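Shared between the two complexes below is subunit A, which has subunit B as its partner in the first and subunit C in the second.
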Partner chain A sequence: MAVLNKMRQSMARSWSLYRSDFRSMDKTQIFLLLLLTLLAVFMLLPLVFIFNHAFKPLHELFLFPPTFFVRQPTLQNFTDLLQATQDTFLPVTRFIFNSIVVTLLSTVGMVILGALCAYPLAKHPFPGRKIVFGVILLSIMISVETMGIPRYIVVKSLGIMNTYWGHVLPILALPVGVFLLKQFMDQVPDELLEAAKLDGATEWQLLVRIILPIVTPAMATITILSFQTAWSNSETSALFMQDDAMKTLPFYVESLTSNLANTVARQGVAAAASLIIFMPNLIIFLLSQRKVIQTMAHSGIK
Partner chain B sequence: MSNEATRVVRQPAAARSPKLKGSLGRMLQDKMREIWRFRLSYLFIAPFLVVFSLFIIIPVFTGVALSFTYFNSIEFPKWAGWMNYQNLFSQDVIFLQHVIPNSFKFALFVGPIGYVLAFVLAWLIAQLPGTLRVWYALAMYAPSLTGGIAMVVVWQVMFTGDRTGYINSFLLKWGLIDQPMLLTIDKDYLLGIMIVVSIWSSMGLGFLAILAGILNVDRTLYEAGRIDGISSRLQEIWYITIPMMKPQMLFAAVMAIVGTLKSGGIGTQLSGMNPTPDYSGQLFMNHIEDFGFTRLELGYASAISIVLLILTILLSRFLWMLLGPKEDE
Partner chain C sequence: MANILFNQVYKRFGKYKEIAVSDFNLTVEDTEFIVLVGPSGCGKSTTLRMLAGLEDVSDGEIYIGDKLVNDIPPKDRDISMVFQNYALYPNMSVYENIAFGLRLRKLPKHEIDLAVKRAARVLEIENFLNRKPRELSGGQRQRVALGRAIVRTPQVFLMDEPLSNLDAKLRVQMRSEIINLHRKIEVTTIYVTHDQIEAMTMGDRVVVMNRGIIQQVDSPEMIYNKPVNMFVANFIGNPPMNFIKGKLQERDGELQFYTNRFDLTIPPAQASTLRSLHMIDREIILGIRPEHISFEPHRIEASSKSLVTGVLQFNEFVGSDRYYHIDIKQDRRLVIRANEGIRCDDGSLVTAAINMDKALFFHKDTEMLLTK
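Up next, the complex of A and B:
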């Protein structure tokens, strides 16, 4: 509820600002606005559909011509989603639970590991720093998706198949996160650290008391980044989990929809499930978009 | 302990290493001492580096090693030399006739067009008044949030093959077609649909980086430019905006390349078939998965991933030359 209130407030605030903005706009700006509105509508249409789809009762899903907006919204699809698995021995709540555990662990882990790693990379001239950062920079260009087979071998030989570690550890290896944090930490003035050092602050205190409060935008960004990666990740389930009880929600939805192409059956359920996957991503981004854009300004590869 | 480390942190390197032209042993000893001074730094970066090595470095090297073997996941890998690569480029008809042309077409459209589109959109959004910006940026960025499975559901609903699908119903209504088309399993349409869907969902981190870069350009530069004779907005973009935000452009370009070359699942997911109908949507990733997880020829699949990896790095390097920091900067 607090979240909703905050959003409502910020929307109200920006609405009152809009009106003053509109008055000060010239003709080209209004033209731009129209053009962008068209594009934005195009970008958002599919999302609007899916939102409506998820709340449509069965008979509306089969309607011809198809309707964009739901007429009699119902939660039927969501209850169907819950019941779809009640015949088998694993309820969908189990996958949701797995997803929540994996996402929480990976997000917290990534924030801690990322901050710990980015700080020396930005501020300590230790021998080998250039090499380490160079390798991290290079690895941004490697898509881990292509490395499925060797990663499978690594996970298997570590003995973490079918455990939460098997989900979390591969997600933690997110070089983009460390890269963004390091670029942002570069902006923290050295004089500030010097002063704190004179006052006898330890390295740990420097990181926690001085660096972290300054780089909160970047921290928020990598929180979102690892949250999204973890929450919509189905790869680790497909590759490293043989035990169905250890699989995550996106993987379950994938299996639910694998035969969905060109049929309407179960589209409602699939829409409901993908809405569950999509909404947390959207909300967490909405709450911190300003910080993200602030961080991305320092994303440049220099 | 940590105090000692902090004290040396900011001293210039020259001050730290004593003047020595002595033996190799002395130099080594000194190096070791310097490393010991920074032990805390190493401790800090260690946890990430462990995970990073385990799941990125080691897999890359394992992949390279496997690509020179015959490996069926049961027996121990047998050395095969360049065999996998030779077969890939001389005998693999599917790879040569479908995967390469498809990937080329797909990458050409999604990569450069998606990138230019991201820049144009970001620039247009940056011209808007501040409060509006956020919401338009969000509208462009939201599709990339659907990533993976949610995206497929979204588009399957749109492309449903009978008349209840949105696209089909729309085309029927305007009399463009007489009968509903099975769009996503038609080999003539699949690749096109994949391209549209990929561009739609490609406004991710790279797009945000470009937007932030444009917003960050110093306003006074534009005024200075006007005095120096820049007359149009296009000139402004070309002479001021782009040069000022090269680093962000490079980051976005790298993200675009990686994002484009790693996509593959989308064809299978849209059509619901693997391999895709008549291999019309077969990309590098599908080929890797086909050999790696269906035919269990892991050595061969690794060879394909290594080719893809080298391609990604070469392309990124090429862009680095275009946009990266120059010697004199």
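Up next, the complex of A and C:
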């Protein structure tokens, strides 16, 4: 009961806050609010679609015009997905396992590497640092496809074809992450680092105990970014993995949907797989969004 | 505890080797509280940062105790520093902020706890050891920063404008608290400020700097009463010293300082010095503190040979005193600090007596003090 009461109170409070906010707005603000709400609903549509699609029975999947909401939800697609690979030696769980291993390794790798790269760029005025940073920024402009062949050559000569390293290494550098982290680290006052230096901190301790805790919002953003990059990466499977047992879930889903022969037969399976691919993104975003939105303004540095 | 020695220290910055600190020589005695003061960009903070090891020394030597510290990293110099913006670690509680340095030195847990609590008691911050810095007021943050500095019992204590971010009232309070703290812990302290009142009230000795060069190192009294040059005379004291341009001439066996508008007779002691320096008939600058000029009738009667007249432009009420700004047709208005009881109307012609025994004479070109 007490919990219920508390909830009711807090809801009442937030409603009155909301109302007072609403009243203090002028017409432009209300218009903008409506516009943004509409936009948000519009952006939500694909998510709603993915959720509903995965639970549609076969006859609903091919309805024309297509429907957003499922009428007779079923788990058939998911069981199909698990059975779809029974005729080969590889169950779909193998792809999911590969995806999890690869994503964990590369996300951790990308975040660590990004932080290690951004820290000296932000806080150590070594000669040529502007050039280094410029090159990193430029590399954002180059599309992944153009790097396919050079990457293939590198991966092949490193001898990491058909290993997890072949998945992880090519995507380990995340220039957007370095950029974001550097911008955040720039804002950390130098005095803070100087104070820590006088307190006896080594460079490593400065990074781990002072800088990284302060730039947690940026770290959370990078985590999402790198997770998404790694989790949805099918390119390394296509290029560097000839062994089917080393391929990842996104590649498998792509092969289900893009293979012309299968466009009709496996629609339900593909819808279920899409949801499985999508879910971790949503979960990780929901978990870290508070940190992402949290700004440096409230970090109490000044 | 240690003394500090700067031996011909230079600091040059950037591509064009701009000189920030030039030929800095200073000995700071053990347990001394010394204040570096000067206008913005005079090199005082740079000097402090060189001592802390946060800036490289371009030339010269710095010793802490008997140890040459030029190439010793900050963490091994056994110094602690308080920054203007406190520089508290925002991600740590007050307790952790103070304990951080001790933890890095791998002290046993109970010792850390003891030291932190002791420092907190000295600074009266025991009640918010668990709070984050953002939950504290400016004054409380400054205390935490002080706590972080004293907890390690360093050899040298550096403070870089620690009170500049506080409001005026708190600044006065913290000023006396820092002095008390220094008396209690007796650590050699170097304190940087641009506020001359802080410099005068806190320092055992004051170092006045300008453009990277030491102007004067002396006790606050000497700096105020016997500034070595016009810069120091002008910088220290509020309102600043008055400067009057004029010439020296002999008349009736007396030495006189004259301008187009008035003559002032110079007392014999100073006159003989000026004569020996062959300053007769040469342009010279007379410096006089605002409190050494008086409106009081008995003074004016007694010193008929050292009167100035001018038009009172305006006056400022500052509580115990009033500042009168008088136009005497010089580059700068003459400022007189007088008792509140004396009333004159703005725009009226007033006469005031200069206490010539307190007058200082400066060379017009070198701006150095002539009458020692």
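The rule is simple: the second predicted complex is superposed on the first by the 231 of 302 C-alpha atoms of A that agree within 3 Å, B and C clash if a C-alpha of one lies under 4 Å from a C-alpha of the other, contacts with A are read in each partner's own complex, and residues count from 1 in each chain.
Here is the rule we go by: a contact is a pair of C-beta atoms (placed from the backbone, for glycine too) under 8 Å apart; a residue touches a chain by one contact, two chains touch by 3 or more.
Source: prediction; values computed, not measured.
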Discussion item. By the touch definition at the top of the document, which applies to A:G200: first (subunit B), second (subunit C), both, or neither?
Written reply: both
Worksheet entry | subunit B versus subunit C as contact partner of A:P213, first or second or both or neither | second
Worksheet item: Looking at the overlay, does A:I142 come into contact with subunit B only (first), subunit C only (second), both, or neither?
Response: first
Worksheet entry | Partner, of subunit C and subunit B, that touches more residues belonging to subunit A | B
Item to complete: Identify the partner contact of A:L192: answer first if only subunit B is touched, second if only subunit C is, both if each is, neither if none is.
Response: second
Fill in: Partner chain(s) touched by A:L75 [first = subunit B, second = subunit C, both, neither]
neither
Discussion item. Contact-wise, after the overlay, does A:S232 reach subunit B, subunit C, both or neither (first, second, both, neither)?
Written reply: first
Fill in: Touched partner set for A:F62, first subunit B, second subunit C, both or neither
first
Worksheet item: Can you list the residues of subunit A that meet both subunit B and subunit C?
Response: 194, 197, 200-202, 299-302
Fill in: Complex contact set, residues of subunit A against subunit C
189, 191-192, 194-202, 205, 209-210, 213-214, 298-302
Discussion item. Applying the document's contact rule, which stretches of subunit B touch subunit A when the two form their complex?
Written reply: 2-3, 5-7, 9-10, 13, 31, 34-35, 38, 40-42, 44-45, 47-49, 51-52, 54-60, 62-63, 66, 121, 124-125, 127-132, 134-143, 145-150, 152-158, 160-166, 169, 173, 182, 184-185, 200, 203, 205, 208-209, 211-213, 215-216, 245-251, 254, 257-259, 261-262, 264, 269-273, 284-285, 288-289, 292-293, 298, 301-302, 305, 308-309, 312-313, 316, 324-325
Worksheet entry | Of all residues in subunit C, those that touch subunit A in their complex | 52-54, 73-75, 79-81, 83-85, 87-91, 100-101, 104-105, 132-135, 148, 152
Worksheet, complete the sentence: Touching subunit B in the complex, subunit A uses residues 14, 17-18, 21, 24-25, 29, 32-33, 35-36, 39-40, 43-44, 46-47, 49-50, 53, 61-66, 68, 112-114, 116-117, 119-121, 123-127, 132, 135-136, 138-151, 153-154, 158, 169-170, 172-173, 175-176, 178, 190, 193-194, 197, 200-204, 206-207, 225, 228, 232-234, 250, 253-254, 257-264, 267, 270-271, 273-275, 277-278, 281-282, 285-286, 289-290, 292-297, 299-302
